[in-house]
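What follows is subunit A paired twice: with subunit B in the first complex and subunit C in the second.
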Partner chain A sequence: MNTLTLKNVNSFKHELLLDIKMACREPSFFIPTIAFPLMFYIFFGLLFSDMGKGQTSTYLLVSYGVFGIMSPALFGFGASVASERDKGWLALKQLSPVSPWQYIFAKLLNALLFGIIIVIGLFTLGAVFGDVVLTIGQWLSLAALLMFGSLPFCALGLAVGFWAKGKSAVAILNLIFLPSAFLSGLAIPVFMFPQWLQQVAAIFTPFHLSQLGLKIVDMSLGQSVLSHITFLFITLFIFSVIAMKGYKRSLVN
Partner chain B sequence: MKKLFITACVLCFFATFFMMLPTPSAVKNDSVTIISHANVFDGEHWLGKRDVAFKNGMIVDVAKDLQQKYVDALIVDGSNKYLIPGLIDAHTHAWDEALTQAVKFGVTTELDMFTNNAFASMQREKREQHDRNIGQADLFSAGTLVTAPEGHGTEYGFKIATIDDYKKADAFVAARISEGSDYIKIVYDVSGRGRPSIDKKTLVAVIKASHQQGKLAVVHISDYQSADDAINAGADGLVHGFMTKVDVKSLGQTMYKNNQFMIPTLSILASMMGQDRSGQLIKDFSKDSQFQVEDSRFNIEEIAPQLTNLRGQHSRGDLFKQAQTNTAALAKAGVLILAGTDAPNPGTAHGISLHGELELLVDAGLSETQALRAATSNVAKAFKLTQRGYIKRNMKADMVLVSRDPAQDITNTRSIVNVYKNGYEIKNNEEKLTDKLTSSVKLGDFELDIVSDFKTTWQPTSDQRFGGNSDISISHEHNDGRHFLLMKGEVKTKFSYPWAGAFSSFSVDNKKAINIEEIQAISFDTKGSTGKYKIMIFSTKQPMRPIEIEFEVNEQWRKKTLSLTHIAPALLRSVTGVAIVATLPNSRFELMIDDVWLDH
Partner chain C sequence: MTQVIDIQSLSFTYSKSQQHKVLNNLSLSIKQGELVCLLGANGAGKSTLINILLGRLTPQSGNISIFGQQQGIREVRNRLGVMLQNSTAPDKATVRELLVLFSSYFDHPIELSQLISQLNLEQIIEQYFVTLSGGQKQLVLLALALCGDPDLLFLDEPSVGMDVTTRRILWQVIERYKSYGKTIVLTTHYLEEADALADRVVVLKDGAIVADNTPQQLKTQFSHKLIKAKTTIDIDELSKLDSVVAVTHYGRYIEVTSQDASATIKHWLALDPALEDLTISNCDLEQAFLQITNLPVPQEQVA
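Moving on to the complex of A and B:
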């Protein structure tokens, strides 16, 4: 198992830059990834939020933040791994000096980079147009939470990417992404759901991440922080294992 | 180099970005208030005309001409008025409305020398809320006093722990501290008159234990010999004066040398000796008095009867005079004298009596300024209180503005214009905070009666109030060396959710809710007809549906500890009482309970 050593740090850098360039050259990836959460936030968080000064815009800042970091994590990872495998890139990379860990780590950084861009965009919109006022500690912990919170989704995307074929991976990820985001209350706050649907929300990972974020701004449903964190860690663990198995399978084929 | 530069740029960008995000600019009540041009007594000395600026409940500045420095400040004109620190009564017994009454008279802190623990524990939270409009005096409390079995303190109708062996001193003091006692109060009397007292050995041991565990030890005495013993045992202070005709010179020297203080409580001694001065006091706080008190905020009609003195005709002015002489002699020796009233014992009342005490101290021979120190900085020094007793930067904005000069005549402290508590003017519209329980509370040990620490009696409760037909009767029983509460009843099914049992309210009128979110569990001993029973907790946040916890009972006494930790804190923040009841499928039942506690 290779780790990052000085010897191959160059190949890692190349891999990372390659990843970023590829993402930037694919408008079908970066436009929806960056634009959608910002656009939704402008619509629902800013334009329609004249009730309650800064309340709605703060709540939705958190939920669209979660929504925002999900898509680079899922698609940047899952869809790209699957399409690279289809095109034979993955096989080529497995032969190259880039170790599998570097390959994944480069993708992870790439996803985080897009995540940060989205977070900065949302924070700017919320602060300038949405009357969102938080302490510096709240701003920072929210940003940090969203960064770390993308990890379970990265694992999920990777798991799908290693197991599904290129086109179907995108379809599967969309099937996971949109329903779980909506049912987790990212678009419409979960407390506006009927009671039974509120209980359904608790089985989705984005719900738990958004509750942690809402906890930071004192708007959560008040469930235990530990249960949310546990849920996120379990998701991370399960999908990492599935992804690992998928990677091994891709070596065999 | 280039890499370093890029990294620095990126970091700079993030730092700038997060710095620029909007943060809450002003805390509520951020504006500064200045009381301008008042003659200020800072707790020790008269400073002359000063401006005193405060915000968020704390004094931020004391100087000449602060109005340029704080341009947006709200100005209260203090010209031709006198500003003194909020007064501290160093000896009271506080419960019920004591603290709201006290603060109206300018007493912003009380040191309690023995009260019900449930009350004291609820006040500790409040005294930390420096910027809230609490509308009451802060309380420090000894909690339960240290006394011998059957000793002074046991005669008030509720059971307290007592100490019968000096070897138990460490554990006894530790128990008081775990209950929350801010200092330890000991009752000691060698005279042999009246109630039994702890012996000298125990006195020494308790004082030593208190000091080892980081608390002051103060001693209730009533004669010279007891005072001398307590001082030689290393007590931090005496909480009463004494009327023994004796030369106190050597006692005074010892006390001065060791920084030991005295709270002479002349008010209660005067009452006991039939020295009635309440007439003038009542008059001074009545409407249309010489001090032109603006309205009836002092509620003097209700307070006046409490000021009737203890002895009536059998006046012993000579003995009282002796107490004053001893006090003056000790003061002259340099002993720190603290003003304390022993309110609300007969002849005294919270708040108002401290003004009487100041007069008695001056009458004894202290100067007006010395008397003011006795009710401000001396108390802070003696009890190591921070943030109070002075008008200085970083002290609480607890102050009294009076219209006449107390340095000329001490009774001028009665010319109250305004009392400031946490920077808020005391009016009658104070914000009501829900009291929070911060220590364990006993709902009943059923030894003497079926009354809880909240002074409420256990009541039968059943679904009859909702049109049901269950029966219940409760009684106080004694059997097998155990006192307990017995419930006998029958659960009948007319109402859909039938119950029958016993209810313990947290307040006499069952209207006041208490915050019990820090309570971990409800524990009690129980036995009775085998079956399932329930605890019902009544939260105002969920009025139609009590919180319910099930437990099982059989024919043996068993201890039950029902955890509350799984209950949403929001519900526990506003609870009016607790019931222990039988429900279906019980029909006829008998249930006995004992030692019911809210465990912190």
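Moving on to the complex of A and C:
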């Protein structure tokens, strides 16, 4: 490795570590982000599980997995970009020689890291206390799906982060986060929805990600896998474009 | 000496339909090692000019080069240090973490320990940015601007929020960088600061340069005198005297701004032979600036 590449790697390491440290220094961010999905899962997936034989706990493992990775993707990534933009910290970075890919990619990894912590927490709870029995292949593909599934939400968070001001970004993301999570059937399973509401669910990204997850554990509604994947890619593409336009705008403001 | 900034007939409007030009056919060149202070009232085009030089805004017409290269490209940014008016750092990062991170962005960063001692940051180096006072925050932002060992420094209102101690450090650092042969572009609201530091003062008005000279020359160019004395004559009467530009109360004294001090004093003495404690002084840069930009001199509002 030549010295320049080594220097870039070193710089990226500082960027990522500082991002992680700053997230850990904000209890108001990391406690709800990590604790809520685990807590909901303990309540609804483990304590109130009455279907037995790990049915409910397996179904809700997928639901709260999706719910869990959404929060760091939307808030850890998007809202933190918005706050750095408001402070003018982003402007200072933009005027320095650093590539924007460095700090955006560092924030992305930071969000994925929190996502992994939540997924590992949920898997442990499910396997140890919830009678969730899956093959190694199922565990791994579910974990991988949730990581890749974070990306559309990261793009959405980034798009809001570049367009909305710091405080209103959090409010807008909350307006997107909770309703889309509930209407996608993450709290109450989608098969319990009336027919018309099931159709409404299909316009929300979390619905498609959770259906893919449920496919892995053989509990999906049975819609086409391709349509779910297409939907996730379209979301990723649209919001990446919006985020990119927002980035260009932030160069001036 | 080599030119660091070269601007040729630059024009800029925020929207194409607008007739009003924020910058109008502006040309300016700055040589290596110069400390240039940009002055101008709000809306004169200072911020727009700086944003264009930094590559954040694209002008409609004109040519700009920095170090003989196009503004905003990475090679230029690598030699640039910037302190922006509305920029601060994230709350929950320590001063050291911020400096280490920012230094890693540049190809040839300055030794961190050197920077820390130059700016007296030893006491606050492990503190979170959010816990610092206004002046300390400004010093840290200055350190961030310096950590890439820049050849060209943009300091946009660096002394805002600074107390006497931190401002002294700022001035020392600016003087030191000037002595290294670095080029510095400074904007400030403290004309005293411009007077103390700048080699050249460039005054903008309505998007054009209306004055470009040393602070000393500017002050003599607008050679009004200030005459201060205790007198029994009231303000209205004094303002009618020969060559008087403005009259104001100054504690128990009356202060008269005059274009011709001896003529004014002759008439004043004729009206009030018992005139006491008479002093005559030169205008400071602030009064010169107000006259250049034809802003209403504050004294006139009183008179």
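We take it that the second predicted complex is superposed on the first by the 245 of 253 C-alpha atoms of A that agree within 3 Å, B and C clash if a C-alpha of one lies under 4 Å from a C-alpha of the other, contacts with A are read in each partner's own complex, and residues count from 1 in each chain.
Keep this in mind: contacts are C-beta pairs under 8 Å (C-beta built on N, C-alpha and C of every residue); 3 or more make two chains touch, one makes a residue touch a chain.
Keep in mind that this is a model prediction, so the values were computed, not measured.
For subunit A, the partner with contacts to more residues, out of subunit B and subunit C, is C. In the superposition on chain A, A:Leu140 contacts subunit B only, with no contact to subunit C. In the overlay built on the shared chain, the residue A:Ile120 is in contact with subunit B alone; subunit C does not reach it. In the superposition on chain A, A:Phe67 contacts neither subunit B nor subunit C. In the superposition on chain A, contact of A:Glu26 is made with subunit C only, not with subunit B.
Of the two partner chains, subunit C is the only one that A:Pro97 touches; subunit B does not reach it. In the superposed model, A:Phe153 lies in contact with neither subunit B nor subunit C. Once the two complexes are laid over each other on the shared chain, residue contacts for A:Glu15 go to subunit C alone; subunit B is not touched.
Residue contacts after overlaying the shared chain place A:Val132 against subunit B, while subunit C stays out of touching range.
No residue of subunit A contacts both subunit B in one complex and subunit C in the other. By the touch criterion given at the top, residues 120, 123, 127, 132-136, 139-140, 143, 222 of subunit A touch subunit B in their complex. By the touch criterion given at the top, residues 7, 10-11, 14-15, 18, 21-22, 25-26, 83-84, 87-89, 91-98, 251-252 of subunit A touch subunit C in their complex.
If you check the complex, the residues on subunit B that touch subunit A are 17-24, 568, 570. Of all residues in subunit C, only 51, 54-57, 74, 77-78, 80, 82, 84, 86-90, 92-93, 97, 100-102, 104-107, 128, 144, 148 touch subunit A in the complex they form.
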